[in-house]
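In the two complexes below, chain A is the common chain; its partner is chain B in one and chain C in the other.
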Partner chain A sequence: MIDTQAVPPDAARHEDLVDDPIVVAYFLAALCFLFVSMLAGLLMALQLVSWNPLQGIELLSPGRWRMVHTNAVAYGFLANAFLGALHWAIPRLTMRPVLDRRLSWFIFVAWQVVVGCTALGIVVGPTLQAMSPAWEQLPFSFGAQGVEWGETPTWIDPLALAGLLLVGINFMAPISRAKGPLYVASWYFMAAFVWTFLTYAMGNFLPQYWLTGTSAGAVGGLFIHDLVGLFVTPLGWGLMYYFVPIMLRKPIWSHGLSLVGFWGLAFFYPLNGIHHFLYTPIPMFLQRGAIIATIAVEMVVFTVIVNFFGTIWGSGRQLITNLPIRWFYTGMVLYGLTCLQCALQTTLTFQAVIHFSDWVVGHAHLVMFGVFSLWLLGIMTYLFPRLWRTEWYSRDLCEWHFWLSAVGVFVMFADLTLAGLFQGYYWGSLRPWDVSVDGSVPFWMVRVFAGLAMFAGQLCFAYNLYRTWKAARLGPAPSAAKPAPVPQAS
Partner chain B sequence: MFESKSGVLLVAGLGFFVFAFLSNGLVPALMYRDLPEKSVEELAADNSNLMYQFEDLSYRYPEQFAKYYGVPSDETLAEALRLGRRTYVAEGCWHCHSQFVRPVAREDERWGPVSRTDEYQNVLQRPVMFGTRRVGPDLSREGGRHGNDWHAAHFFQPTLVSAGSPMPEHPWFFDGSPDLPNRRGIAIITYVQWLGSWLESYPYYEDYEPIELPDDDE
Partner chain C sequence: MRRIMWVMAIGILVPSLYGFGTKFLEFIALYRGDVEGAFAISPILNYLLASLGFLCLFLWAVLHGMFRDVEQPKYTMLENEQRLDTEAPWRPEIGMQYPAGHRLRMPRLGRSTDPNRFREFYEHDG
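Coming up: the complex of A and B.
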């Protein structure tokens, strides 16, 4: 894993480009929120099987912590981990530092305030507001906002939006100064900065202050989908386009397919959102349009997957020896599975049965954990030794981290998908509601243990990280990994 | 265009996003622009089903009701609805209960009439509470199906009235016991009783089976 390539004399120095501490800070913040999110998920999972030992405590209400679960993973884990990885990738890709390191640190602090306030607002907000009749008369809620994936309380939305704008400015400076043709990763990053800002503004403000009822539902659907499709997906693929060729030391298989993948995604993905609300009063022609666009986007992303498998063709052994590569390609296989599932489940036929069921929850875990979290954990596995100039304390713990995470999320996905089918048919059979709940309990039990496996994987990672950090404090070992020299544009 | 900065930023980034928003977001907004959006006061003013439930709350829990809301009126009903909706959102109820009846999977037989756009054209659906998951039943036709005392017991400890229910307990809606709902408790019960109360009847899909009472004579 150690890069011993000779450094050309005119190479830009890593120290001038990358602010290592901020990458570490973002990754550690991300991991903290990952643990918060997983504990929240565990609480909800225990609640569903009636094993919650903390019933009836207002500040530990599973309803509130369920929203912390999704928000902590989207804005706390994924966003922080992406920002950390981008602080490494973009300066080294463009060979120019970000606009201003002080701005980077300001954004870092501001973003932790945003995510921390989101969690605090959701958990403590309603309790606080109920303490005084005067506060209850206020025209806004201290607690969650009624937008799925956008439960960020309304009072923190403007700060979050400002933060996203600053992120774009800070990273666009090096990209805009870069000379020559842009590499694929940069397309995804640039588009993501525009999309994330617009998506956040659309989803958090329009249904709250302008639209109502059905039309707000349409925008809500766009928001749910764009958050995954236009914020998480492009940053994830952009990072894959950056890290995979570097680690495999060969170019991406087909530039043409890269073009098809990016432009197809850019065109079709934003048109998908309404498929979250099929059979609602949203006009039927829009629902059908969203379905067609969804199937189109699934075909397009398969070209991207093919492109990456074309790239690793001939280097298959890396899947065994190179841990980060294994994380990445496992994520891509699960991505293919997600997209295949999505092309089916978006149809009206499937929706009649599986909508409102745990099938959707399984799908969400497969995407958010099985794909993007695996990629980001793989990136962390690759970068921490380079940031701390030391090898991992234990390769075995790295293996445990991988297998527990990957197998855990796959079991959870398979289990919840099956649960969803059962639930859909219970409901359609018009048997009493309790029958569908009783029938779900065995699946929910399996889910608890799948979740515990994923959690145990992250515990292995945290312990490994702690021991690695302790070793790094003693000074770099003679054979320590150094950041690879910045690749030169040819 | 395909590999240039301006192409990526303006066409893919801005252009495609705006195109999608106009076609998918603005079109329904324009189609429904003539449907008036009802205020909470309007919702409270002409709904005798709901006022019946609100008055029932004031009879059942007179001290609590007087303490937190005074007397039932259109104004206090609107106040309770507003707080009830806020509580419904803040407690995450909408992540396990949907609010729309689909025209498929025999949903109208279970819940009642299929949902229509005008039912959502009011301030209490801002943002709209369609929901995406049903761990518990759909609530858009819940109003009137259960009495206020059932809801009080259910919010306090769901398993009291629904064995095996995975719903979390919400004792903070009460001043200590299920017969003492507080401001939020009365509000959330009122909100749930509002859902579907604008319809004229409440269909039941499960056959009524009388509970066999123990015979005193033997």
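Coming up: the complex of A and C.
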């Protein structure tokens, strides 16, 4: 543990503040779960076009793979990558280290256990429980919990919640010790630690133990959306507010406007989730309230996007010459697109067509991969050379990584959006179900190839990372290290 | 400018408060009048509790001068970063940055591992 009192903030060095190995460990764990998740997604895509290579294997059935796909990306990839990036950003932002480096490592190991057990519980939980009559008598299931995005088995929920509490304590210590008015990124991070804990508790415990029926459904809707809006969004934007100005070497266009964005998110976002359950028995005033809150959030989002484009104004060439910036701004454009889509699709008119269709799946991929994964992969592209003190093995592979990921996810989004519209109109015209399935197959074929492109991009990244690591073991590259200081003649 | 701000603030806040107030009364009427209306209370309570917490945080921030010099934190953050990077063992330009005149081109497959492959950037950057 670093004694924060011994190192005055003004004299702190990077080595005093950031524990580089834990950043690397989180990023590598995140990438492992990204591969698991993408493999699972690919299997699901193959299942839809009747090419499932695991046909007939109960443990690897598509229903289980689907849950592994969503959970591995949310809790395995995004959470790990965010935690890695936060271990870099928060200490440098506040000029103070985290509360305790040993606690950081404990949380790292505990979180991998939580995510690993979740995957195991989803795949083998029910089978394992059926093997022993004593286990079958237990008051809880080894398998998935019946909450969308909250499939983490019930026996892991308290551990996950304790982990989130420890994360908050570890990171809040440096933020709370920071002097003077807080930079907007710190506001986002603080809020995320509180919101994520509350959101996880609400979504995993209320429907399981206290609520039933429509009420549980309404809370489930809040949970699904708050997981995106109150866990992923504040961490994502907080990191953008940190990384973009330091890479462009100029301050954010308007700090005041960025605070409007933050407080707007804080007050408008929490009621949005009900829009997942339009046309249900939930009272209409709640449904309409959610629609209005969603449209209000889009205005808030607009202020944030304007702020970032105001920042890069005059430095547009950085989109070509600076690859992490290109990752970030591509994600921002897709974020604007997804929020515009969100404002439209939450209206009752749109919902009548797209509800339950592949439109929603396209939207989810655009948000999770097209925005937040692109940002995190951009952060990794920026940080790995600093963490390993060497340049990338191949800049061409970095380019392939970017283009395959960005084009792949955009094709998938466009394809599924169209598929959703076709499906909605097939269903609306009351034609037989089979007709809508047959009409969807060409779109699902395109989705397989878009998914393969995204997967190929990550393989390029993994290979490049491996070769860069091998080069790093030989010592810092001459072009990466600073030149030795020239002795001054006395 | 201040007058425009006040007009806009009142123009937005008054209708919003009116809308929120009437919807809240509607909610209470539903809760009292319909036995099944109680199920709407959990999402509303969730929202109110979360918002109340942030309202308190907002008031705390105002009282502690967090918004007094609202643009200063963005400069402080950059200065700190610059100082940390100056003392760091790597060059600030490390990472995927090309020379200023770089053009987008089709990336090639395979390695491009000239040990001096990024030298042009540093030379260009001085």
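Here are some notes:
Going forward, the second predicted complex is superposed on the first by the 465 of 490 C-alpha atoms of A that agree within 3 Å, B and C clash if a C-alpha of one lies under 4 Å from a C-alpha of the other, contacts with A are read in each partner's own complex, and residues count from 1 in each chain.
Please note the rule applied: a contact is a pair of C-beta atoms (placed from the backbone, for glycine too) under 8 Å apart; a residue touches a chain by one contact, two chains touch by 3 or more.
Everything numeric here is computed off the predicted structure, so don't read it as measured data.
Clashing of chain B with chain C is the outcome of superposition onto chain A.
When the two complexes are overlaid on their common chain A, residue A:214 makes contact with chain B and with chain C alike. Look at A:392: by the touch rule set out above, it reaches chain C but stays clear of chain B.
When the two structures are aligned on the shared chain, A:323 is found in touch with chain C, with no touch to chain B.
In the superposition on chain A, A:144 makes contact with chain B only, not with chain C. Of the two partner chains placed by the overlay, only chain C lies in contact with A:252; chain B stays clear of it.
Look at A:132: by the touch rule set out above, it reaches neither chain B nor chain C. Shared-chain residue A:202: touches chain B and chain C both.
Chain C is struck by only one stretch of chain B after the chain A overlay, and of the options 8-16, 44-52, 134-142 or 206-214 that stretch is 8-16. Residues 181-182, 191, 194-195, 198, 202, 206, 211, 213-215, 218-219, 222, 259, 263, 266-267, 270-271, 273-274, 282-283, 286, 289 of chain A lie at the contact with chain B in one complex and at the contact with chain C in the other.
The touching residues of chain A, counted against chain B in their complex, run 47-50, 52, 55-56, 58, 61-64, 66-67, 122, 125-127, 130, 133, 136, 141, 143-148, 175-176, 181-182, 186-187, 190-191, 193-195, 198-199, 202, 206-208, 211-220, 222, 224, 226, 230, 259, 262-263, 266-267, 270-271, 273-274, 276-277, 279-283, 286, 289-290, 348, 351-353, 355-357, 360-361, 424, 427-428, 430, 432-434, 437-438, 444. Here chain C touches chain A in the complex through residues 23, 26-27, 30, 37, 39-40, 42-44, 46-47, 50-51, 53-55, 58, 65-78, 80-81, 84, 87-91, 94-100, 102-104, 107-113, 115-119, 122, going by the rule given at the top.
Every residue of chain B that touches chain A in the complex is listed here, in rising order: 2-5, 8-9, 12-14, 16-17, 19-21, 23-25, 27-29, 31-32, 35, 37, 83, 86-87, 89-96, 98, 100, 102-107, 109-110, 115-117, 120-123, 125-137, 157, 162-166, 168-172, 183-184, 205-206.
Interface of chain A with chain C (complex): residues 12-14, 17, 92-93, 95, 180-185, 191, 194-195, 198, 202, 206, 211, 213-215, 218-219, 221-222, 242, 245-246, 249-252, 254-256, 259, 263, 266-267, 270-271, 273-274, 282-283, 285-286, 289, 317, 320-324, 381-382, 385-386, 389, 391-400, 403, 467, 476-482.
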